[in-house]
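In the two assemblies presented below, chain A is common to both, partnered first by chain B and then by chain C.
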Partner chain A sequence: MKRLAGWTMSAPATLLVALCLIVPVTATIAATFVTGQGPFAAYAAFFGSGFRRAVLIRTLEIAGATTILSLLIGFLTAYVVSRAPPRWRSILIIMAVFPLLTGVVVRSFAWLIILGRNGIVNNTLVGLGITAEPLPMIYTQGSVIVAMVYLFVPLMVLTLVGVLENIPDDVIQAAQSLGAGPFATFREVIFPLAVPGLIVGAVLVFTGSFTSYATPQLLGGERQMVMGTLLHQRAMVAFDWPGAATISAIMVAVTLAVVLGMTRVAKRLNPMAT
Partner chain B sequence: MTGRLHPGLIAFAVAVYIFLMGPLVIVIGASLSDTTYLTFPPQGLTLRWFERIFEMSAFRRTMITSFQMATLSTLLALLIGIPAAYALNRFRIALPSWLSTLFVLPVLVPEIVLGFSLLRSVQVGAGVPVFWALLIGHTLIVLPYAVRVVSAALASFDFSIEEAAISLGSPPVKTFFTIVLPNVQAGVIAAFILAFITSINDVSVSLFLTGPGISTLPIQILAHVEQFFDPVVASVSVLLMVLTVAVMAVVERTLGLTFLAK
Partner chain C sequence: MAEVRLTGVTKRFGRDVGIEDVTLTVPDGAFVVLLGPTGAGKTTTLRLISGLETPDAGEIAIGGHVVNDLTPAQRDVAMVFQQYSLYPHMTVRDNLAFPLRSPILKTPKDAIAARVREVAEVLHIAHKLDNKATALSGGEMQRVSIGRALVRQPQLFLMDEPLSSLDAKLRSDLRIELKRIQADLGATLLYVTHDQIEAMTMATHVGVLDRGRLVQFGPPKEIYENPASLYVAGRLGLPRINALPAGLFPGAPAGAKTIGLRPEHIAQGEGQPARVVRVEHLGDQTRLHLTLDGHDVITLTDVHTDLGPGDTVAVAPRNPLYFDARGARIT
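Moving on, here comes the complex of A and B:
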């Protein structure tokens, strides 16, 4: 009876996810194995192409760099926020939420005004006579990484503030009363306790930047093609659906591997787990 | 939490917050510039770029579509998500544990892959018209917010209150609306806001599902930036920021802003 009621109530949502997500995505992935030229022909073609391999490697590099920089910046900032006086803490949290609620397009577009040919940085450099000609800053890997770090730092800060706030004062005082200096307390107590949060943050940022489209499209263009922009170009410009499906399958595989792998690591590292 | 913070750390955090806010201030400045190209600091002040948005039918149309999509997909997601969240909490033992994972899948699957797959199977394969395919896509990506946030609110709801009402003769459906729903109101409002914002900002799913005549605002912004580098896009961005501020004000009034950080 309860079983029936539970299933009935969750049926519409379950059906939507099953029919409009699981079926279509599975169909996309299945299509890559049924090419008529052997089951792995599509992947052989992908990895056989120097250009596509370079795109995959570039995407991994950008996602990796974004994750590491966001972790560093986010962790230190979240630490300050979690130790700030209560009134300041809520202001700082609001200031991190605001960019997060502002869309990806707006936040990426902002960097075009900053890094563009007539952008603030170039105008300043030329104005000060440091360079004679504007430097080409957009359409570089660096510009994509800067904009992505900008995109993901608020997410990292908000993920970590919660974790750092939950570290009991007693633990820190205990460490200090046992003679640990601020740095030792940080390294031996606070950091290990924050590891599960750092892993969650890292997974969110890595998968988010690995599969992003708008930021690399605006700041990388065709010169810095990544998996997301390549997928769009294959599907909507070249109408190469088998190629786009292969890129989709590789993106799903990498995302799943990262999520599952890091969940494992998190379970093993969690010092609070019994 | 007490304890002194190293001045160097504080300086670092200040720099990070300047990094977070600076670009948004720059967009606002650029939207007011009396030049035909984007620049900061603005040269001369004008509001004509804001007027220009409403003169351009592409922006007007896509703005309406984006609002329709965000409203409809959020309502649909709540309509099917609230009963699911209720079932997950009320009949936890009777339902398999993977069911709650199912509703998070739209977050786990890369959005751009979902967009392409919906194009292949739903729009082209099943011949669903552009508007409806777009609505399906948006409902899917906002569903996790509806289920998860309402579920979190229900987790702290004491179901014995509901049982008491029913045992006193209140019909189950009426009890849901008069007892359960008012108790999780904050969760429903939060879910509505997060879902609405997610839909209105979406790029990756809409990218594949927009068709001739039907597009959403973020897709239109992307298309515009690729052709023209004028302040119109900055002023549209400012309008979106105003919307975000309005939303945050609503949250502040109803739930308190730190709610969003949880």
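Moving on, here comes the complex of A and C:
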């Protein structure tokens, strides 16, 4: 009876996921293997194109760099927040996640204003006479990464604060009183205990930045095409649906591979984590 | 092993006093128990010595060296926390090996393994070495936590109510074990507890703290028999000392406000009549709850007493302690 109630209650959500996610994704991916020119023809075409290979590699680079930078910045922020007095903690968290209250497009647009040709940074540099000409900062890989880090750090902070808060002060103090310096305490105690949170955060940020569309579109443009923007171009501009399906299949595969890979890394870094 | 000397140590937390002007010498090889209610400054004292807190004033010396400016890691002390504080991501073995792997000590691998083995044997946890640290019972976790302090053979052990979260049987076993280990190693040990049995059985010295001040320091027998104040007298002894108006019995010295009578310091069969309220047979002793002029008095009596509620028994003080209006002892 209890079990039936559980099924009944989760049925709407299950149905929604099955109909709106599993069915269309399966259909899309299945279609890429039935092209009439052999099962892997679509993938051979994708990897045969130097341009598309470059897009995939660029996307991996941007997502990788975004993940690593978000991990560093997010961890430091989260550590400070988690060790702050409880009274301060909620204020600091609110401040850290404040950017999440505005939309992705708005936040990406902010970087256009900051990094643009007549943006704040260039105007300052030129005004101070440091550079004669405005620097081309926008439409570079760097600008996309900067904006994405800005986008994803709050997410990382939120994930890590929860994990770091759960490390009792006693455990850290025990390490100190048992002869571990600050660095050893971090390496042997705090870091391993934070690994589950770091992995969750890294997976969230990597998948988010690997599949992002708006930010690379605004700050990377045509020159810094990534998988998301390429997908959009193939599907909505070129109406190359089989090509777009192939791109999405590759994105799903990469995302799954990253999640599995990260889980293995987590097991190695903290074998006791369950 | 080393002597610990605190000179005029003060620590405040905002407006609250942690400890105030504490001067204390823990002799080399002593087992010192700090007693006092919650908030008296016991734990603060340990944390100051360990270096987890820095004093606002005063000097802390371990083994003759002032350690005020040293980090906890540099002080060569080992602290055992009330809540075990084991590293949940490590096995019991790694937890025990942790202090030896610290960069300051640089112990060779086989020496670490041997030492961990040895300590695990002493604490009867050798069969659990490969368990996850959090998959142990409370008693086992606390033994690992104590073991983690033991492996280092530090100058000084600091233990903050290490037995308080264990059940009675385990507590008495570990009490004996701890005392034996301390005696074997000749280690200096500072121990915080609420439990007066722990204090009486293990301590070579007892320090009594009252609102951040050290009010008496000495061997447990002396603290028990010769308390400096009513407050100190109330910290040791079970049942607690009876504090009664001094005028209740003849012979009080001038200025005495309170007479302190330990349960065993009440003679029966002479003196004032008291009514028996309740008789508690505990097996090895029998407690008599009396009321005397409206004051509750607890005393001990013959194990096989015939007294029952409602009976009257005459009582008189024997070796009483007198205290003045401020609670200070009058001798």
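Convention: the second predicted complex is superposed on the first by the 255 of 274 C-alpha atoms of A that agree within 3 Å, B and C clash if a C-alpha of one lies under 4 Å from a C-alpha of the other, contacts with A are read in each partner's own complex, and residues count from 1 in each chain.
We adopt the following convention: a residue touches a chain if its C-beta (ideal position, glycine included) is under 8 Å from a C-beta of that chain, and two chains touch if they have at least 3 such contacts.
Every value quoted in this text rests on a predicted model; they were computed, and no experiment measured them.
Using the superposition on chain A described above, determine whether A:I68 touches chain B (first), chain C (second), both, or neither.
Neither chain B nor chain C is touched by A:I68.
Counting only touches as set out at the top, which of chain B and chain C does A:V258 meet: first, second, both, neither?
Neither partner.
Looking at the overlay, what does A:G103 touch: chain B (first), chain C (second), both, or neither?
Once the two structures are laid over each other on A, A:G103 reaches chain B alone.
Figure out whether A:G179 sits in contact with chain B (first) or chain C (second), or with both, or with neither.
It touches chain C, and chain B stays clear.
What is the contact status of A:R3 with respect to chain B (first) and chain C (second): first, second, both, or neither?
A:R3 sits against chain B, while chain C stays out of touch.
Please tell me which partner, chain B or chain C, touches more residues of chain A.
B
With the two complexes superposed on chain A, say which partner A:V121 touches: chain B (first), chain C (second), both, or neither.
The answer is neither, since A:V121 touches no partner chain.
Would you mind writing out the residues of chain B in touch with chain A in their complex?
For this pair, the touching residues of chain B are 1-3, 5-6, 9-10, 12-13, 16-17, 19-21, 23-24, 26-27, 30, 37-40, 79-81, 83-84, 86-88, 90-91, 93-95, 99, 102-103, 105-106, 108-114, 116-122, 125, 136, 139-140, 143, 147, 197, 200-201, 203-204, 207-208, 218, 221-222, 225, 229, 233-234, 237, 240-241, 244-245, 247-248, 257-258, 260-262.
For the complex, give me every residue of chain A touching chain C.
168, 170-171, 173-181, 184, 188-189, 192-193, 195, 270-273
Which residues, counting only chain C, touch chain A once they are in their complex?
Answer in residue numbers: 50-52, 71-73, 76-79, 81, 83, 85-91, 98-99, 101-105, 132-134, 145, 148-149, 152, 158.
Applying the document's contact rule, which stretches of chain A touch chain B when the two form their complex?
2-3, 5-7, 9-10, 12-14, 16-18, 20-25, 27-28, 31, 73, 76-77, 79-84, 90, 92-99, 101-107, 109-114, 116, 118-120, 123, 150, 153-154, 158, 161-162, 165, 169, 172, 182, 207, 210-214, 217-218, 228, 231-232, 235-236, 241, 244-245, 248, 251-252, 255-256, 259
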